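I have a structure I would like to understand better, so I am pasting it below and will then ask my questions one at a time.
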Amino acid sequence: AKKQLVIVVKGLDNPFFEAINQGCQKWNKENPDSEYECFYTGPASTSDEAGEAQIVQDVLGKAETAAIAISPSNAKLIAQTLKTANPKVPVMTLDADLAAEDSALRKTYLGTDNYLMGARIGEYIKKAKPKGGKICTIEGNPGADNILRRAQGMRDTLTGQKGLAELKGEGGWTEVAGCPVFTNDNGATGVQAMTDILAANPDLDAFGIMGGWPLFGAPQPYRDLFKPMAEKISKNEFVIGAADTIGDEVAIAKEGLVTALVGQRPFEMGYKAPSVMMDLIAGKPVEDPVFTGLDECTKDTVDTCIQK
Amino acid sequence: MAVLELANISKHFGAIQAVNDVSFSLAAGEVVGLMGDNGAGKSTLVKMIAGNFRPSHGTMQLDGQDLILHKPVEARQRGIEIVHQDLALCNNLTAAANVFLGREIRRGFGPLRILDYKTMYRRAGEIFRELKSETRPRDLVKQMSGGQRQAVAIARTMLAEAKLVLMDEPTAAISVRQVAEVLALIRQLRDRGIAVILISHRMPDVFSVADRVIVMRRGRKVADKPIAASSPEEVTGLITGAIEQV
Amino acid sequence: MAITLDQTIAQKQRSWFASVFASQTFWVLVAVVLACIFLSFATSSFATPANLYNITRNVTFIAIIALGMTLVIITGGIDLSVGSVLCLCSMVLAVTMHAGYGIGTGIAASIGTALVVGAFNGILIAYLGFPPFVVTLGMLSIARSLAMVASNNTVVFQFGPDHDKLLALGGGAWLFGIANPVLYMAVLALLTGFVLRWTRFGRYVFAIGGNEHAATLTGVPVRKIKVAIYMISALSAGVAGIIQTGWLGAVTTNIGAGMELQVIAAAVIGGANLAGGVGTAFGAIVGAALIEVIRNSLGLLGINAFWQGTFIGGAIVLAVLFDRLRNLRQSE
Amino acid sequence: MAITLDQTIAQKQRSWFASVFASQTFWVLVAVVLACIFLSFATSSFATPANLYNITRNVTFIAIIALGMTLVIITGGIDLSVGSVLCLCSMVLAVTMHAGYGIGTGIAASIGTALVVGAFNGILIAYLGFPPFVVTLGMLSIARSLAMVASNNTVVFQFGPDHDKLLALGGGAWLFGIANPVLYMAVLALLTGFVLRWTRFGRYVFAIGGNEHAATLTGVPVRKIKVAIYMISALSAGVAGIIQTGWLGAVTTNIGAGMELQVIAAAVIGGANLAGGVGTAFGAIVGAALIEVIRNSLGLLGINAFWQGTFIGGAIVLAVLFDRLRNLRQSE
Amino acid sequence: MAVLELANISKHFGAIQAVNDVSFSLAAGEVVGLMGDNGAGKSTLVKMIAGNFRPSHGTMQLDGQDLILHKPVEARQRGIEIVHQDLALCNNLTAAANVFLGREIRRGFGPLRILDYKTMYRRAGEIFRELKSETRPRDLVKQMSGGQRQAVAIARTMLAEAKLVLMDEPTAAISVRQVAEVLALIRQLRDRGIAVILISHRMPDVFSVADRVIVMRRGRKVADKPIAASSPEEVTGLITGAIEQV
């Protein structure tokens, strides 16, 4: 059997990680003669943090494993796992990183700068509404670190201050009661909650959507919700900054139902990861971190914004 | 001709030999009292006839044809009705629903036939009246007294024309008045040519209604004789083992 | 004497009126109505047509599955696989239509999948005597895994030539401005209620839940009915999946995750008894409605997200409290 | 005659040997052993000390909670809140220690929380007659919500002055290189087994599951025992939470999500009967072991990720198949 | 002096008046047969004495002291034992475990007392032998015959010295041999000065063992007289209503 370059993602139930898998498979297809193969795995559900740690252990215990790239859903937990496992093979992080103080446990990070991603969403919102207003943040799983980082990036950008957990007028922005909303990575839940929030706060000015679930998971109700507001959105009277460019999201942007999308490049992550891991195995110097880019789409740039 | 004919029937549960090499035959319109100590195997024996268990050994014949039953409903289709010792009632249903369970009366045509509540309540009421039992057809069985439950179970056997009715202690928990009714009912069945096996621990009942008595002890048949040729004392002796065999 | 016997036989222990008051469904309905009245006064946004439209539509997915689940629960079983089956059926529909087939083919494939899954569950439970909990827990895992396989774990959001028909089916409002899913729910609820009350099948479902052994002894085809019940349960999940797909306009492999507990909660809140033998179609709808009203109100009232779980959990418990208190007082 | 009566009374229907063969636990144990043997030959990485260390440790969290769950299931109840209670207790421990308190205080606070939650569940179920499913489903929602409130939804990974002690507690291997959690599990399993077999409390637990009405009539303090049972269940979740925190070194509000179904699956696979009255401590451990061995083997065998759910679900069903087939053959 | 004294006891369930203004008293060592049609309210009456239901009206006294029972275990503590009509058995436990349910024998000290299986099996075996019942203490009740189950339930009352034993159809499903044993047991209890209320539909049993007979009809007490002054015919008439009241 070939030696394996293993990618462990947070959960299989997320199309985002499937894009990483596609990249991984493409690498396999292009490198049939390599002594390595890219192997993709993860727990069934994104919320199964302990399950991911167990899989990491399993992988590290396997003789075939030559290197491992992990997308930690609970950074501290994976750090602890790595500490106890004391792996002999190179370890890197992918898509999500370990905490700064644990960075010695991995050789490099390949992926999106989540804080930057949130900051970019924040910039779009701020640009559209410089004076601020009422905002609601839509988040994913309550424990998901990358989402929390994005939210922080957005809040920091909106206010110009660092580390606020909740906006109470800083920089003109106020988070309304009942927010942030946790969608548990479920499109229907997300869009139902947004509907309720909008009904309860008719004077809301902006949504900051930190994970694209309501758009790509429930595009139709999302359209139903914002079609009546398309006019306001085009005039920047109502602003929606959303993460990801998955599924129907770009089409929604094209219809003018979202102010801006800031997307990651999961395919690129999956495609690049094997090469980076081979470099690590070979002992070559590797940059830390290796950021994959962001795709930013507005109504006007939809046709060109996605890097292929 | 024999309605029912058992030949060398045995049944064991693991190490327990519940019924051991029992043979007898039953003519139409004959009432047989089946007696024996607790655990003698009476219920097990009638459960085999009713299709609840399959015999470990031996053969059964009904009206001269092999009786091989895979499930209880087959027994009923062959004309064998049984009142179970544990009554087999659904507590969450009404008395009428229990009486008609498995043979609901419906009205309407084809696939659109719906339950005919009215007729079932009426018929159930009639049967209870016939049994002189104060049982309300529309009430849930859950809240009924032991005797009312018994009445519901017995009412079931009166729905169809059976060839053979098996009664596993139908008079155990019912009052004098109803015992008399049940015994009268058994006589009615006999007069209509239906064979009855009556399991009972109540000597007077068996002696007043049965034509023959079969006594079992520890799974074996130890006596099988006409009532007229026996006496309560003898049967008691056979049950307890004071008399070995006749 | 004969007269009194006749009178007794004609008597019914509890009047119709008393039974209604004794039913949990009634008290939960009261709770739903009270909550709605409260919300209408407490917030300006509850009693708006748009919000009511949304609420009624949101109820339907849980409610439709809860109808099937209620049948399962009445027989004394449980079906944990419904959330995953919803996902699988949605995915089969999506993938089929995405591949260019029409909506008819898609729905047929989806329903067929549901029936196969349900038959699998049912046969294992009824003929091999597996505990329903184990079989459907296994299916929970299997069905979602198959959905991943079917879709290659991608988001499907283009449904081929009949794309718009599908969206209209789930997202439209063809009658009096009532959301289509609500219409389907109403029809299915009436149908379920009719079957339970007026057909022999319904009677057998109750009998099995009351005393399975007795049902077998009296010739009820217990096994066949059980298989049918699990097929109906899976079918209800499939139907909900089809409608939900039409509403959402996209399918991901995590839709319906964790839904099984919500559905069971709806059925149980509505008065179905997990010990078997008790349950109504109307109860399933009322239970689902209570859960949705609470969810909706948390957003409208602006409750802190961290505390929302406490409110939802508290409400689930409270829903049954009415009923318990009444029972306790009565048993004194 | 007197002799035969005496003989009968002294007899036991099934020998000890026959009972073992008739138990589901035995057949699941056989399945676990066969799977381990197969994996030892099929993969080079299964029977390594490191992998065995991991497997045994991974089993413990599910297994410890399954012990408590088994008690609940024996009484005929169910506890859906264990995953959330694990999360809440972990969080209370983490937050307390993070605030600078010692490990003793932290554990006390955590255990105290578990007992309060368990008592709440138990009192509602035993004294107010709530259905266990409803109460613990509500608590599933409430406990996780409280964990969010307690931690402000942050990740806690610094446990104050006793940080290292906590990590050693959960992550160390103090005896013969066996992971600490495994030792705790063994002790708790023996304790549970002892209680069930040899104490009056254990006897009452079975009696309640067998016939609650009869237990009440004969003077068993049914309500108190039920409260105790739900407290023990929550306690087992709390203990698992403490150990898991020590192992993971970090707590988020996600941990334990969906665990309830796995735990119940473990208990049921191990032979506990959801209808009540049947279950063993050993069965809970064996059930948890089977689930973990399957999970572990899928990774080692390199099964495609999409198909893993199918294997896990299939295995859950298969675990019970052995037992069913044997039963079917016997009932012929 | 009266062991038990009931005054104007009534009990209704919703609209159903199960027991209606019943008074009687019972002396030590007295055996009273309680008879009546199904649904007459016999079980409901003894369940009130055993603490299962609380009377809607009326008062009860035991040994001259008020008897107010909140739960069944209190009745037992006051020396009232009952054999329930539905036997109150746990199917998943052994016969011995059922006999000792609620009063397990334990050995060891303080908190570390463990169940004494050996002694319980032995004692249960002894009681079954005394009852001449072929019941295996180590077997599960689930698989036992109706009579064996009855024996288990009766065995419970023989564990402690009771003042009053209530038996709700203890002879309903047991064989002649065991009926005789149960009746002998009742006589033993009487000789030890224990009062017994025996509910039974079996006229011969009541007439052979009871000192007095109380007849209920539709919740009311319609007769209360010494056995010697009555006859089976009269009692039958009272039960069915042919005789209104005596």
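As written, the chain order gives the labels A, B, C, D and E, with residue 1 at the start of each chain.
As a working rule, a residue touches a chain if its C-beta (ideal position, glycine included) is under 8 Å from a C-beta of that chain, and two chains touch if they have at least 3 such contacts.
A quick note: this is a predicted structure, and the numbers were derived from the prediction, not measured.
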Given chain A and chain C, the chains that contact each of them: D
Steps in the shortest chain-to-chain touch route ending at chain E and beginning at chain A: 2
Farthest chain relative to chain B (centres taken as mean CA coordinates): A
Interchain centroid distance [CA atoms averaged], chain C/chain D, Å: 29
Separation of chain D from chain E, taking each centre as the mean of its C-alpha atoms, in whole Å: 42
Geometric centre distance via CA averages, chain E-chain C, whole Å: 47
CA centroid of chain A to CA centroid of chain B, Å: 72
Junction residues of chain A, two or more chains touched: 12, 21, 44-45
Per-residue overlap in chain D, given as positions that touch at least 2 other chains: 13, 148, 152-153, 258, 305-306, 308-309, 312
Residue list for chain E, restricted to those that touch at least two other chains: 13, 134, 143
Touching residues (chain side chain D, partner chain C) in the complex: 80, 124, 128-131, 133-135, 137-146, 148-149, 152-153, 258, 261, 264-265, 268-269, 273-274, 305-310, 312-317, 319-321, 324-325, 327-328
Residues of chain E defined as touching chain D within the complex: 52, 71-73, 76, 82, 84, 87-93, 97, 101-104, 106, 113-115, 125, 128-129, 132, 134-140, 143, 156
Chain D-touching residues of chain A, taken from the complex the two chains share: 4, 12, 21, 39-42, 44-45, 47-51, 53-55, 57-64, 73-77, 79-81, 83-84, 99, 141-145, 148, 165
Complex contacts: residues of chain D adjacent to chain E: 5-6, 8-13, 197-200, 203, 206-207, 209-211, 213-221, 277-278
Residues of chain E touching chain B in the complex: 13, 35-40, 43, 85-86, 133-134, 143-148, 150-151, 169, 172-179, 201-204, 235-236, 239-240
